[in-house]
Each structure stands twice: as C-alpha cells, then as structure tokens.
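Alright, structures below, take your time with them.
Common to both upcoming complexes is chain A, partnered first by chain B, then by chain C.
Coming up: the complex of A and B.
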C-alpha cells in the first residue's frame, strides 16, 4: 500500500485559469519564434546571444529544479530516511523543471530541427562543456522520469512493474545524484571559455564548476523548503517544520562554504578590491552576498530554524541569491564589448513566464491526480 | 552493520563525489595554448594604410554571396555597421574629438577592420558541442559546417571577438563567419588565390599571406622610423601585385594577434592603441585552454564519473535496503 496519496480536488480553479492565460500567451510567442525566427520574438543579438531563455529557463530553471538532487543526496546517500515524505513532490518539481528546461533549450536552439546532431557520437567534441551539459541533462530527464514513475505505476496499479523497478531503482537514484553533480558544475564551466566577457567578480575560471554545483545544491534545498512550506499552506496537514529545519541547517553550511569560497577566491586572484569599486558590478555582488548571508544568519539559530515563517523567508532569500548569482554571471554584468546591449523584449519575457505557468499548472494537476504528497501530510 | 559504519560509508561516498567535482580542476594543469599551424595562412591589416573605401566589404559580399545590409531608404550600397548574419567583414571608424587627423589618437580618426581573426587557439572550435566549427590542420582556417550545427550559439559567447553571428531574422537561420574564402564552393585559397578582401584592397591595408610571412612583415614595419618612406606591398605578401611608397606612420609597438589569447592568423597593426579600436582585453592565455583543462580533468575517459557512480550505487543500495529492513521491523 502506498504511503502517498493524491490530494484530489478541482483542477480548474481560478488561479489555474489565470496561469492558463499566461501559458497561452507564452505559447503564442513560441509559435511565432518558430515561424518568423528568433529575432522576431527575442532581443538577443551578436554580443548577447544568450538571453533570458538560456539564462533563466535553462541555467536558473534547472538549478531551481535541483530539489530532487538535493534530497536524493540527503535521503539515500547520507541515509536520512526520515525526509522521504518530501522526496516525491521534490522529484515531481525537478522533473517538470528539467523537462521545461529541455523544452526551453529546444526553442532557444537556433537550428532546432537538427537537435539530434548532439546525439550522434561522430559529432561529439569532447573539449566542449556544452556537449557534457546537453547529453547529461537529456539523460537526467530520463532518470527523473524513472525515479518518479512509481507514482504513476501506483496509480494504474502496475504491481509487477513496481516490484521490478524496486530492485533496480537504487541504480537510478545513484545516477540521479551523479548526473546533476556533473551538469550543474558544467553549467558553471560554460563561463570559463567566455573569458573576459564575464565580469571579474564572477570570472573565477577553474573554480566555476565548484561554485556552480554548491549554488545548485543551495537552490535545491531552498526549493524543497519553499515548496513544502507552501504545500502545507495550500493543502493543509501536519507541519513539516522539524524536517525542514534540518534541511535548512545543511543549506546554511553550504552557504557558508559558498560565501567563504567566493571571498577566498577573490582574494587569491587579487580581485577583492573590485567589491568596493561602487560600480554596477560591485553593487550586484554585495546584493548577492547579502542574499546568501541573510538566510545563513537566520538558519544559524536553532529557534528560528523551527519557525516556519522565518524558514520561508530564508528559503526565498536563498532562491533569489542562487538565481542572482547565475543572472549576474551570465547576463547582468556580462560584457561582450562596445556596441552591444541587451534587455529582454516583452514577448521574450512572456515566453519565460508562460513556461513557468505551465510548470506550476502541471505540478498542480499531478499532485491532485497522482499519489505524490505524503499521506501524513493530508488533513 | 552499525549505523556509524553506514554514516561513515555515506560520508566517504559523498565526499568522493564532491572531491571529484571540486578538487580535480584545482590540481589539474590545463593544457597550454595551441601553437600556430606550420602552414597557417592569414591576413595582416594595417590600419594606417586603410582609407575606408570598403572595397573589401563589397568584395566579401560578392565572393560569399551575401546580401547588402541597408539601414536608410537608399538601396544603393551596403551600410553594414557591424558583423551580422549577412556581413562577414566590416570597416569601422574610430573618431576622437574633432576627428581631423588620420591615425591620431587625439582629435583624429582611424579605420579598423572587423572579421574573423582565425585564432591559433579558437574558442569557437573549443566550445562547439557538435564539431560544427573546425580548424584546418594545415592552414589553420576556422570553418563552419551548418549541417552539423544545432544553433546553441556557444561559439558566439566563446569568441573573444564576437565574430560568429547567427541569422536571427530567418526562420531557419545559421551561423555565419569569415572562412577565409575557402569554404566549399568558394575555395579560393585551395586554388592558389588570396582572400577576396585582400585582393580588393587598393592600398594593401589588408594583406594576404602565410602567418610567418605576415608576422615578419609586421615586425619589419615596427622597426621603421616614423617619417621614413617604405615600399608597401599590395595583395599577397609573398608575391605582391604591386608596391606603393608611403611615409611611415608612428606605429604603436604592438602586433595584435602575435600573442593575444594564443595569437591569431589575422593580425592587426595600427597607430592607435587597440583598446581604443575596440579590441578586447585579452591575456596571452586562451580561455578555451583553461576550460578544456578543467573539462578533461573531470571527464577523461569518464573515469571519475564511473568511479563515483559505482560508489554511489553501493551506498544508495545499502541505505535503501536498511530503510526497508527498518520498515519491516516496525510493521
């Protein structure tokens, strides 16, 4: 008997319909992009070929989808089985986040009709970080489907398949820890080859993969805390604050590591003075650091870790911190040289909002129709 | 098995994964810059010889079969301001203050050519996941294959000079970049000809030749004293079409492309400092070489990921089995 249960309830609620409108607008512009070309919808240009579709939908979107990764690490590798109730909803959010990140990669792909070229070994360039990212993300989406499939199999009552899956699932869980470690670090490595275009405060060269994977884990933990807190509010049930507080503690440790590493790297590379330059980059750096340090301070105190409201504030701050780190490095302080500027167009932004809306709608539908949320969470 | 042992194992496995991702790039010595190919061909652009006639731009469009870019209503000539999906070569203007004296940094003006520099250690080739960008093993010419390209545009961000340009205005666009007039169907270099822009240049501002010969010519010009006259060659540096005598300008003692990010096969000299001409702030080490070093230390033969996967599988299986046992005891 499953320990998970679908929440049931009406699917077509008012918020769902409003999200639907945003999704339709986004899809309209995606169709326009395929018909008229990218320039008709997006403001990307010769110096800024990667706009918000790459940086938000793929680079940040997949990091926000690292809940499944962070929890798999905690539950299966560090053997903290008591967080299991959080695993399925986190895996669902990860699956949706990665699937839509993959979709984003397709409609951002300039020559999407040839996407299969990256799957042909004869084409592979093993020097390319992008090759690792592309293949690894594609593989991880399949792994996420397998990791999440018990929810679907329980729903249709495929007991035989479940039994078989149960025997081999450990291997896919291991892959579910390994693959995000690989491609989330590689998302950072993408910055290395961009050289001077990446602002010195973010261009840490060989340290990019380390900072990227730590920030992905931070975002993974924070999204789990964030979603669990929100689900509790939305669907009622026992508060999971005690469980979440331990996750918060791990996230705190990671944030201390992250901030310390950033400072140490800047000092060792002789760039620490740039923090005090007072220019746009230095302000963004300080803001980003503040967003990392604030939740670390909140989570440091055991009493505030037990406080659901403070936990939520910390989680939101961490999410913004991680997203800002990537935005800053890839876009906000990115400087390809004279003559180029970028600000996303309305249609470009609507595409990204549409993708987010689709993600939330899909999440709501699945938790209402499939055994995802834990039974003890139910009222 | 005691809980403490499980914890120890788990920590060990977790640390292994993190160490793989974290420690390896640190101690990994990235590969050095690539070296110039022995038969590398390139161009030397001498900004002080350029009169801004843009014959090279027109010739480039003709040879490569690309449409003119028009900004105003007049459809008479090419008005490309910068490289784009339809422009592989463009002449830009530097202007300071009154803009009166040619090749003077203050109150002067100068011309600067923008086209693929054909890097010795090309970033675009390094970052391309599907080998759509390649460097010729002998000539060092960096070419593009649209049939392989998926349009990820990593080459654009990976190029220090923003050279590869995507055709954003087309439904089915592609990357375009200068391929030294040697792509399939053009093949001027293979047929013993020179690039279109070098052939069209009336003053020899764009000079074609082997990298070695061009570098030697550039170094000769660096040695000249301002005010002397020098017999400037035109066309192909090894067999010039003609020469013309001209007073030597006050060259900056800097051959752009001799060393920048591993060097380039297309080199520039000028009497204006290159940062003013919009050249990027490059060091001698190519960013591509650092990126490849990190990538190879992590993923060589997939050894590290394979070991990590084995360790993780072991730990996850043990922990999952233990969780099941506990559940069994409880029920």
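Coming up: the complex of A and C.
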C-alpha cells in the first residue's frame, strides 16, 4: 500500500478563506480583462508588451514550478530513491504552477482567440523560440498530470490502472526531465531574441540558455525545501530537514556554478566594469548576486545546513535571487527605447496574486483529499 | 565562406567555370541561393552544383508558344546572375523554340517533328501562352496547324509538361471576359495529363529555374500544390511574407496614391493590393533579380494578382482583395504611445512590496518554528 496519506482536516480554514478573497479579486480582474481588453487592466505598452503576467506568471512561475523537474532529476537520474517522500508534493506544486502559467499565457495574449493555431502543425514556425516554449510547456503539463496521476488513482482505488501506469511511468519521468530542460533553456533564448534591449549585464547571448536552466534548477531545489518546510510546520509530522539539507548542498553547488559562470562570462565579454558603474543596473546586479551568494555561504557550513530554519532562509533567498535574475533581465533593466516605462497596475498585480492564491488553495485542497504527503511513522 | 560551408569533396569545378564564364565561388553561391529558396539544405545545393557541372544526357525540350506576348521567354532571357538562361540552355537541348530558333519556316517544323519522334517519352514540353479552343481553335495557328492540336500532339509522348506563365497555366489575359477566342490553360486542354504550372505575368525566372534544377538533380518534380504549382514557390500568400504586412496588422494603410500613408510605405491593401489572395514568392525573391526592392509592392503599386487564376485580369485593379488570412479589426488600440506609459502608482508599489514582505515575513516565522521543532526531535535518518 502507499506510503503517502492524505492529511485530512477541514478545508475551509481561515487562511483558506483569506486566500479565497484574493482569488476572487484576481478573477474579477481577469473577467474584466476579457470583457474590456488588456489596456483596461494592465499597464503594458508597446515597449513593454510583457508585464508581470508573462515575467512573473510564466517565466518565474514555471521556474518556481521546477521542483518536480529538480527532484525527478535527483531521484531518477542519480537514482537517489530516498528523496521519494518529497516527490509527490513537488510534482503537485509543479503541476499547479505550470497549469496556471499556461493559463497566464492565455490571458496575457492580446489575440488569445488565435491560440488554437499553436496546435496546428501546418502553422508551426520552427525558427520561433516561442513555439518551442509553448509546445514544450503544453506537453509538460500533460506529462505532469500523468506523473501525478498515481495519487489520484490510489484515491479512487484503480489498482489495475496503477499497475499499467507503473510499467510505463519511467518513460514519462524521462520526458519530465527532458521537457523542462528544453523549455527552461528556451526561456533564456527568448532573451537572446530580445537583443540589445536586454541590459548588457544580463545579455550573455549564447550563455542565456545555460544560465536559465541552471537558475531554474536552483529555484527547483529551493522550492522543494520551501514547500517541505512549510508543510512540516503546517501539517506537523516528522522533520524532513536531513533530506532537505542534501538538496541544499546540491543547490549550493549549482549556485557556485551559476555565480562563477556569470562572472567569467562578464569578464570574457569585457563587461565586468559595468558592475561598478553605480547606476540602477549595477545596483540590481549586486543585489541579485548578494541574494545568490548569501545562501551559498549559509549552505557551505554543514551545521547550518542541518538547521531547518537557516535552510529555509537560504532557500527563500535563492528563490528571490532566481526571481530577481529573471525580473532584472526581462523587466527591471529592460530598455526598449526612450519614453517607455512600465510598472504593473494594482489590478495587474491583483491578477497575479489571485493566481498565486488559487495555486495555494488548490495545493491545500489536494493534499487534504489525496495521498500526497509522506507519513513514514503512520504508514 | 563557400569553401568552408560546402564540402566539395575535391570536386573539380574548373570545367563549369570555363563553360559558364563564372568563378567557382559565384557558381556555388548561386546554387546555394537556389537551394535556399527551395527550402533545401547545402547538401542539395552541392548536388545541384554537381548536376549542372556534370550534365548526364541533356533532356530535349520542345517549347510551344500560343496566345501570348513572349513575356515568360523574355523574362527568362533577361535574367541576370550568372546568366540563368545560359545555365538552363546549357542543361537542356532546346530543340524547338519559335523565338530562339535560328531557322524558320517548315524546316524548323520538320526538326521539331523529328526530335519528338526520336525522343519519344523523353522530352520535356514547355508551353507558353494560352490555347484558344473556340471555333475549332482557329485563332492561333502555327505552320497551318492549330495550337490546340499542336499541344495535344506534343503532349502525347512528353516526359513532363510545364506550363510557363499565367497564360499557359490558366489562360491569362486572353481568358478574361468576354474571351472571344475561348482561350484556355494547358491543363484545361490536356485533361488527365500532369501539367506543372508556373504562373506569373511574366513569371519569375527563378521559379522556372528552381523547378528545372530540382528535376535535373533529383529526377523528380518538386512537391506541388492542388493547382500543380511548385509548393516551394507558390506555397504562401504574398501577404504572408510581405514587408508591408506589419502596417496591415496595425491598421496603417495608403488610401490614395501619393497620400501620406503611401509616402510612408504603408500597406497597399486599400489601394486594391491582391497580395492577400495571391500565392507567389515575390516578397522574398522580388523580381528579375534586379534587387533593391524592385517588384510591384516594393515600388509602391498594389499587387494585381498576375499569377492567380480569377484574380489577375479578372478583378478590377483597385477593388479590395478577398483576404484569405485574418482580416484586421475596424479599430486598433494605440500601442505605441510612449508618453502615456504610466509610472508606478502608490497602491501598486504598496501591493508589490506587501507581497514580497509577506513572503519574507512568513519565511522568518516558519524558520523560527522549524528551529524549535528541530531542537525537540533528533534528526536521525528517514527510511530510504
């Protein structure tokens, strides 16, 4: 029998209701966006066609949803089975993150009614980075549903189907490693396509895909630590800190690679001096690097790595670092030409917050009603 | 570059250099250009180069002229780099062509008949011009025989038939109403025979050359559309690759010749441009290799749909095209207003900071809770 259990408990708790309010406000503005058009809700313009709905909901949101990717990588590629208890909650978070990222892409599309064209092979443009991202993300959502389906099948007791799935699941897990590697690196390639509009400190050209996929993995490991820590405090049970600390160690290694790569690239492209220019870009760069280096320093010491609280702080710092890397490149230091400015409107932010609220609410409902979280002492 | 990208495998091009009077580099660049416009790889370019350099047996060609202005032949002969006509005439044995034959009269007709007899089932038939069928086809006669009979006779044992130009493809200007001579395209008088159509008035010589090169190199015809036009050349609407297309999508049109929009190079749709319903590759190849944006839309005149049956010579010049792709909405939102870009509102900044702060705060609280719970429990390893 499964070693996963549903936590049970009331669904309509006070935090759930509060999240519900945020979600309703967000949904209200989404409806307004479809009725009155994008201009009524969002501050995006000709210079900044991508606001937070793309940069947060899709670019950062899918990186935050890389927990399933990072763990699938660890558990199956490196054959580290002991991380199994963390896989299902991570997959659930990935599924929700990607599904809502995909939804975010639709309401951010100016002419969303032409969305179906991406499903018609005759209309594909194989030179488009967006096509790769769009198709790959759509495919990955399906893969995530299949990867997560054992939890649902266990709940409804479909044992025959579970057995069949067990035999073919390895194939989907392999896809679950391949597809994010493809589209997360393509999210970096989008920056190549934006050319000189991207600030020189972030425009690393051919290195964009590498930096994107490494930062996505860092965020993937961090979000697993983040979720497991929060679940642990919220739902109790045995501490998973020993497991998480090893993930922290992996993330630390990746961060060292990331920071070193950034510096080496800047030096080799002759742009290292820009860090000391003292302008907005250089300040953002230093802040971003600090957020990457701080957790690396915390995680370097084995004792602080075993400390659940410090581990969580390091993980959140990495999440902020990864998010800031993408925000900086896509929005904050993005320069489409003189005269353009962008800051999201209240309604625009509420839509994003509403989506996040829906994501957390869905997560809470699923872990309470399906066997997702691991319970070693009760099994 | 050419040496690096092509693996010529030590192939000797000195012969072809001498024959065509071009350098090896120019020759290979040209082949790569043709392969590129056909959507083929550099390997195919090399195969084409070799096919030209080492012609096997040159296929005999019978070239018929019907009702027409000899535009297709003219455009082929007038093409430039590195003399397309030279290339084509070098690859084929042009046994009969009324404009180019040195001889004249019944002697030439005799040679044609002889060549057709000798090369039964092996020769390529090129038809240029429409074929009148009214009143027994008497409106176009060559050496006392009607064009329709000559076409049927030549098509009988042809290996492949190419209709070159709009007249040959679907009737062209002669077939426009009232069409007193009953002019028809080649396919229409040869039902059941596969005819490759290369329409245009005049057609782009590159479209003919690419198709012939493909045939000579690979021994088969390139993929064709439902009207038997090579897909590589006629697969997309002019509208799809037109460089004025962004103006169409943004709703910026020239509405009169010489108005502000026309001077600024806006979309010519409202002047009657037939690009949205005409399939051709003019936007990418332009015309007659002149370069510099020389093709109708490039010089500010609406496309009149010369290659499209039912459009060119049939629709009024300035009537709106029937847009085959998406039509623009009546009104467009203003997207390029830079002064309108609103800065950060107080509420938005507060909300964004609150969200980031909430995450940071929740982290610190949870971290403290985690530490107290970790202190209570020993951290032994979990099951694997």
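Assume the second predicted complex is superposed on the first by the 376 of 379 C-alpha atoms of A that agree within 3 Å, B and C clash if a C-alpha of one lies under 4 Å from a C-alpha of the other, contacts with A are read in each partner's own complex, and residues count from 1 in each chain.
As a working rule, a residue touches a chain if its C-beta (ideal position, glycine included) is under 8 Å from a C-beta of that chain, and two chains touch if they have at least 3 such contacts.
Small disclaimer: the values here were computed from a predicted structure and weren't measured.
In the three-chain model built by superposing on chain A, chain B clashes with chain C. By the touch criterion stated above, A:306 is placed in contact with chain C alone, chain B being left untouched. With both structures placed on the common chain, the touch criterion links A:196 to chain B but leaves chain C unconnected. Shared-chain residue A:20: touches no atom of chain B or chain C. Within the superposed three-chain model, A:353 lies in touch with chain C and out of touch with chain B [touch as defined at top]. Put chain B and chain C next to each other and count what each touches on chain A; the higher total goes to B. Legend: residue contacts after superposition of the two complexes on their common chain; A:345 is shown touching chain C, with no touch to chain B.
By the touch criterion defined above, A:253 lies against neither chain B nor chain C after alignment on the C-alpha atoms of chain A.
Of the two partner chains, chain B is the only one that A:109 touches; chain C does not reach it. Applying the stated contact rule after C-alpha superposition, one finds that A:47 touches each of chain B and chain C. Of the two partner chains, both chain B and chain C are touched by A:39.
On chain A, the patch touched by chain B and the patch touched by chain C overlap at residues 37, 39, 45-47, 81, 114, 337-340.
Against chain A, in their complex, chain C makes its touches with residues 326, 333, 335-345, 347-349, 351-352, 355-356, 359-360, 362-364, 366-371, 373-374, 377, 379-384.
Chain A makes touch with chain B in their complex at residues 34-40, 42, 44-47, 49-50, 73, 76-79, 81, 84, 109-115, 117-118, 120, 123-132, 134, 169-171, 173-175, 177-178, 181-182, 185-186, 189-190, 192-197, 205-210, 213, 336-340.
The touching residues of chain B, when paired with chain A in their complex, are 6-7, 10-11, 13-14, 17-18, 20-22, 25-26, 28, 30, 82-84, 123, 125-132, 146-154, 156-158, 160, 162, 165-175, 261, 278, 280-282, 287-288, 290-296, 298-299, 305, 308-309, 312-313, 315-317, 319-320, 322-323, 326.
Those residues of chain A lying in contact with chain C across their complex are 37, 39, 43, 45-48, 81-82, 85, 114, 229-230, 232-233, 238-243, 306-313, 316, 320, 337-346, 348-350, 353, 376.
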